[in-house]
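Next come two complexes built around subunit A: one with subunit B, the other with subunit C.
Right, the complex of A and B next:
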């Protein structure tokens, strides 16, 4: 157990809330103290829902703890059933309420209500939000299908109808689920496959009862739906389509798998797709062509770090490496449940996966790897901002700007277009290396210049004092856009150089070359977006040559060396 | 299922001030019929368990056999191999149980029987009971117990400590395997004492005796009559059973044209059916060690 300021996932009852909120006619009675009602804000503020989540909190208070808290549960359950008339009721407790051990699920089961009750046992201190969502979805599906599961029915006949599948795993507060479902529905329609039920997002309890009438399940988000998909496979012999169609390659693989599992001809759609070829006619997505056009050469070899939930990280690594030509220098996930897939993926790119729920580990890794682009969650956006590295958000947890008003899926061919734009724009298109050489003396590209799109909001910079200047110049890849005073870690990072500048003695790690003030100053003249590379190359050169102190000369010798 | 899985707890809750640690209610197995197989070391618990599992599967039941012995040799006649244990697998993921998949520690054996080996610490160290507890927790988390009809715990030789009695917290019936000899009946008497102790707080009851490797059962009968125990099944000392172990298969894969083999198969099926129909809970008091010493033997 450790104290932290921020976490990637909430407690498991937040996962249960996501399931309840994603569906219609499902209500969740949550045994929780007053303070736990804050979770409503996630749905109204970040996801911008137009209604409160369908959750009734028991909101017990300190004085209730002296009395009968169990009574509060049964009263809340009865009130919720009378008022909201749900078709299924989830009953559980928050992490705080788990400690008073009222076992609200059993209490509700004993009330003799006429609607299906799903008691939720979500161990708050060993499991997290996505697990809670997956478990809740599974328990709900199983409860509603329990009678049907005992009938040993045959698979539905395909006679006289189009094949149909369920789309499982989309939730509120997932990453672009609303648009992904629309996009995958379109994609499936293009190969003649109908969507039978999409759940939990948009479904009601009766829809879950007819899940087995589909021919297969599409496991869109394994974090949420894998448990349910494997139960449906075990119990109703429903095959699972497991490819997650994020990226052009994965979308093609997805269509091929749909064809294989449903035994249908998908060549009409796949025929227009020419893997490995880049032209506007070789794919339904513009991504392959855009990423190989001459103007995109600056993408090649960009050092990218990827962190997020398992599904999005594995997909992003494939896109980054195979479709955009980036170099994946590191990746990781906070989803322990997906650690296996992520580790296997990391191995494929010759890196070690970071499996952690501590954002400080991620920050440290991003800083050490000197990356040029971070693909991550809301937290990596902050990390990247602090380190002055471009970033695109690819996974939950998200902030309000990641729930855009416009259509912006991640899945399918349109999703690949969206991804291309979202990842490439932070990289300052138009500032390719040959342009930099031509315009490097131009005032607009100086370190002090405010990017034109931030002109109206950028505060006027006060004349920097010489020491602040030193900090500015020496920080690894500082973007002046932020125009914030350097944060504490940043100061710590640059302390060595500053200390040296002020004549204080410097403790130098053996083997690691140190930058002299003039060398550091000269490095500062190099535009920030290639400065990281220049710094790395110079340090590599210095180590190779056994140079302990990097001066202006060393910098140019290194430049000459690598230029040869 | 005829057997009632809900029994009142004897003697009510523990007395005031008790520090007895109870099973976490969330770890309770609901739905499935749970049978724990006990008996003296080497008496044939694993043979009995695996053949019973096979018999249950032939009766159309979904069966899960959990080997609770650190030597993890309970299920090999079902799986035809020495499968990795739960503890082995937890070690590979540095005890982050979330990373485990069902197929890492559950292996489908003969006729669809699900097989798990809990594994455990090296002899003389650690706590075997902890391992059984973790295994049950993991099986619950992976929803394996919800869609299972019969769970068989095959337990280490003797009740040597509270830890090894852990399966008794989950079981409805404890079946005791014994031969018609002094040592195994003496051990059975001590197991009955352990079950009685657990039945104060849990629903476990002695279900009956399985006489193994015995042509006669006179000594077992003598003990049964005194304490009020019943024999649920009898198996002779048949060479085909010994051979089935060496062939690493269950009795149901042996040549059933041999009438002796067929008889053993039928007895396992009958025993499984009796357990399904529900063997009455036996509330029996064990004998004192001196009493049993005097009781057994020749007149």
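Right, the complex of A and C next:
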């Protein structure tokens, strides 16, 4: 048993639902109890779909268990086929049905239906959502291409036509897939390459039958499409383009790989890309110039932590480090299938990868690393909010706000523009930071004032937030805490009072240094947006040096010790 | 007993939909399972923790049903069964002990721990009752460990609360004096509890306890003098368990709307022999206030046609309120299940000829709804946007469970929840 508060991924049958919902004319019969119908709201509420997902649930009940649950399956299959007239039918089960072993897939296969049936076996107790999506897509493609796969076809002739590729892996409830597909389609068009089929998002079963007629497959989201791309490569000798074009550098690499794989000249596009040159005309994206613009200087070395699915984390690390000049202080993923790639990426930036699906591990790490920006999922957004750290969402799991009305891809040159805005805006605006520093004695810029653009951060008293953070931290590491912990200044006052009253020297437990009134006062002069960090560093320094009472001296010694 | 009080009388009342035919459906059901109740139960009982023993699906349901991920360290969690747990039962119990120990170490402020059964734990016949007894022996009195099932093969949406409360009933202290006392059953928002407490005090009704209380450890006493007044229409099993401990059920409609609240209070007033004149004096100002607040919205709802998909069990009382106090016409009133013990007073007040349906065959029901083209459809979150896209205005039923809607001072708010989608639709030109 695994104790879980929040989960990054749903069960594997939700992954199968994502495939069915992404396509047209595919229906999914899911052997599952009524509670599992909650999954519909992911599609209708988070993704704001205007149709119900094409899923029929058997919704068996306890009273059915002794009897003929198999009969419920075949009835549901027949009803779904009659009512929705799909061109392909997925049949599978959720966690509960897996235990009663009705084998709904085999039952459906035995019904003599005239449409292709894809029986799904998605082990709920060991696998998760993305794996379920990848397996479902693979099984569906394989089933529809069964005949063609035996024919030992030659690769299609390129005579008299433009090269064409398939875009594989985009799904409903993925991260910005809708706009990524549009952007990559534009990008490919700029080098004279057509998109043959985009799947699963936007495809129908007949489109999947046409997949081998393309010259190559673009594996846009390896979590979803890698299994299928590998099979198409093995079976139809279709090459796979594996660079994920997120970020300016990766987009350039992607174009180069497209040129190499399809054996076409891409210099018309790549020639306009001048790495290392500081000007607006050096790239189709504004990001390189914006990043070199002097106002972006304050971004230098910002400590950033990255967590999400494998694809987006690896891409984000490169952008953060090479394109925005941040310092990657840690990264990780919940995608165990991508653990190897993410570990290799971490090594490149001299950090250790965190491979976990426990958000408490992530929260602990973010807190320990004293980061200045978190790039993560909706889970990390909440972690960052609690720690008072800016955050941008870069990966699933998503929330309704991650399905924006406007065009906002992550991929391609426009994607890089979107990323620049999305990651930089949560940070303190450079000039505003300087102004706050300069005018912090003015009442308008007093401690209570939060930056106007940081509306997501409640204007809490900085002192309180720092001690609240300490409480979150301790609760995260399983140390029992008081229900109403006293804030650090209160503790200091108590200690002082005790000392005064008893006339004895302050006795403080080693490991819990106390702030002296003058130290506390000096700390108050430090701008609030770095005060938390100063407090933590000073306390850490005091513990390391065995200092029980933190004075002004301790504060500046710590500052000298740690640098900025 | 004063005859002037507007009380339900089984002998005399009848009528309405008491003996109306009910369409019983057994097809695909589009309703949450009982685990969903945890979302409001953990907020009501602030010293309780809910540990679901289930699958990743259960955990995913809980965080999805919470609408937004309410992110603080929540007082609920899932012990997710893994492949190796399914191999042998002894292993499962050891694992459960380990998880519970980990949890209690992390959350020392917890006074009551509920082990909540799920579909998978029911199917593998993991005996959580015995497990809870064992863990209770080890942890009581610091922590009381109880168990109930919120599984979707046995419970629907709000039934989870019924199962949870029922599990607490054997542990309620015995009210041995046999004195008359009132127990209000079913979760109410704290603010509404306070409003009702003031009214009960003015009426001279007491002592009053609420079940569940704000602290799970504050268990209300029960015994032969206990009179049960139901705040929620989904606590039938709990009522039966309380009756077995000597309590008496006061039949009343639910406290939704001005008239509904009056009738609800009247049931208690009758049991306490409150003179009709005194009852009138106490309730009249609040009732007048409620009527005034309803007036503002009645025009927007009067004559409009409403369709209820089965979801929260609140469908019958809501339909009664909307038809009697807001002038709406009931196209179809669906309910996941019809428990007459706790709905008889509501059925009597529904207009004769109302189409009632129990259970669901969602495709057929959608077809009926589309054919009827109601002005407003009350349904779950999975159906709302698809229905909107077909030109039907909808109201999410889950909001009616989470919002404070009971009592005089919320009558206007309740009506407004139904007016809002219509108002919005009237404003938009895009």
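Observations on the model:
One rule holds for everything that comes next: the second predicted complex is superposed on the first by the 457 of 564 C-alpha atoms of A that agree within 3 Å, B and C clash if a C-alpha of one lies under 4 Å from a C-alpha of the other, contacts with A are read in each partner's own complex, and residues count from 1 in each chain.
Simple rule for what comes next: contacts are C-beta pairs under 8 Å (C-beta built on N, C-alpha and C of every residue); 3 or more make two chains touch, one makes a residue touch a chain.
Small disclaimer: the values here were computed from a predicted structure and weren't measured.
Set against each other, subunit B and subunit C touch different numbers of residues in subunit A, with C touching more.
Once the two complexes are laid over each other on the shared chain, residue contacts for A:138 go to subunit B alone; subunit C is not touched. Of the two partner chains, neither subunit B nor subunit C is touched by A:260.
After overlaying the two complexes on the shared chain, residue contacts for A:85 are found with neither subunit B nor subunit C. Touch criterion met: A:33 reaches subunit C, while subunit B stays clear of it. By the touch criterion defined above, A:348 reaches neither subunit B nor subunit C.
When the two structures are aligned on the shared chain, A:123 is found in touch with subunit B and with subunit C. Residues 123 of subunit A lie in contact with subunit B in one complex and with subunit C in the other. The touching residues of subunit C, counted against subunit A in their complex, run 27-36, 53, 55-57, 59-61, 63-65, 68-69, 71-74, 77-83, 85-86, 92, 95-96, 98-99, 102-103, 105-106, 108-109, 119-120, 122-124, 151-154, 156, 363, 380-386, 388-389. Across the complex, subunit A meets subunit B through its residues 103, 121, 123, 127, 131, 138, 142, 227, 230-231, 234-235, 336-337, 339-340. If you check the complex, the residues on subunit A that touch subunit C are 1-7, 9-11, 13-14, 33-42, 44-45, 48-52, 56-62, 65, 76, 79, 83, 94-96, 99-100, 123-126, 128, 378-379, 382-383, 385-386, 399, 472, 475, 478, 480, 483. Subunit B contributes residues 25-26, 93, 96, 98-99, 101-102, 143, 146-147 to its touches with subunit A in the complex.
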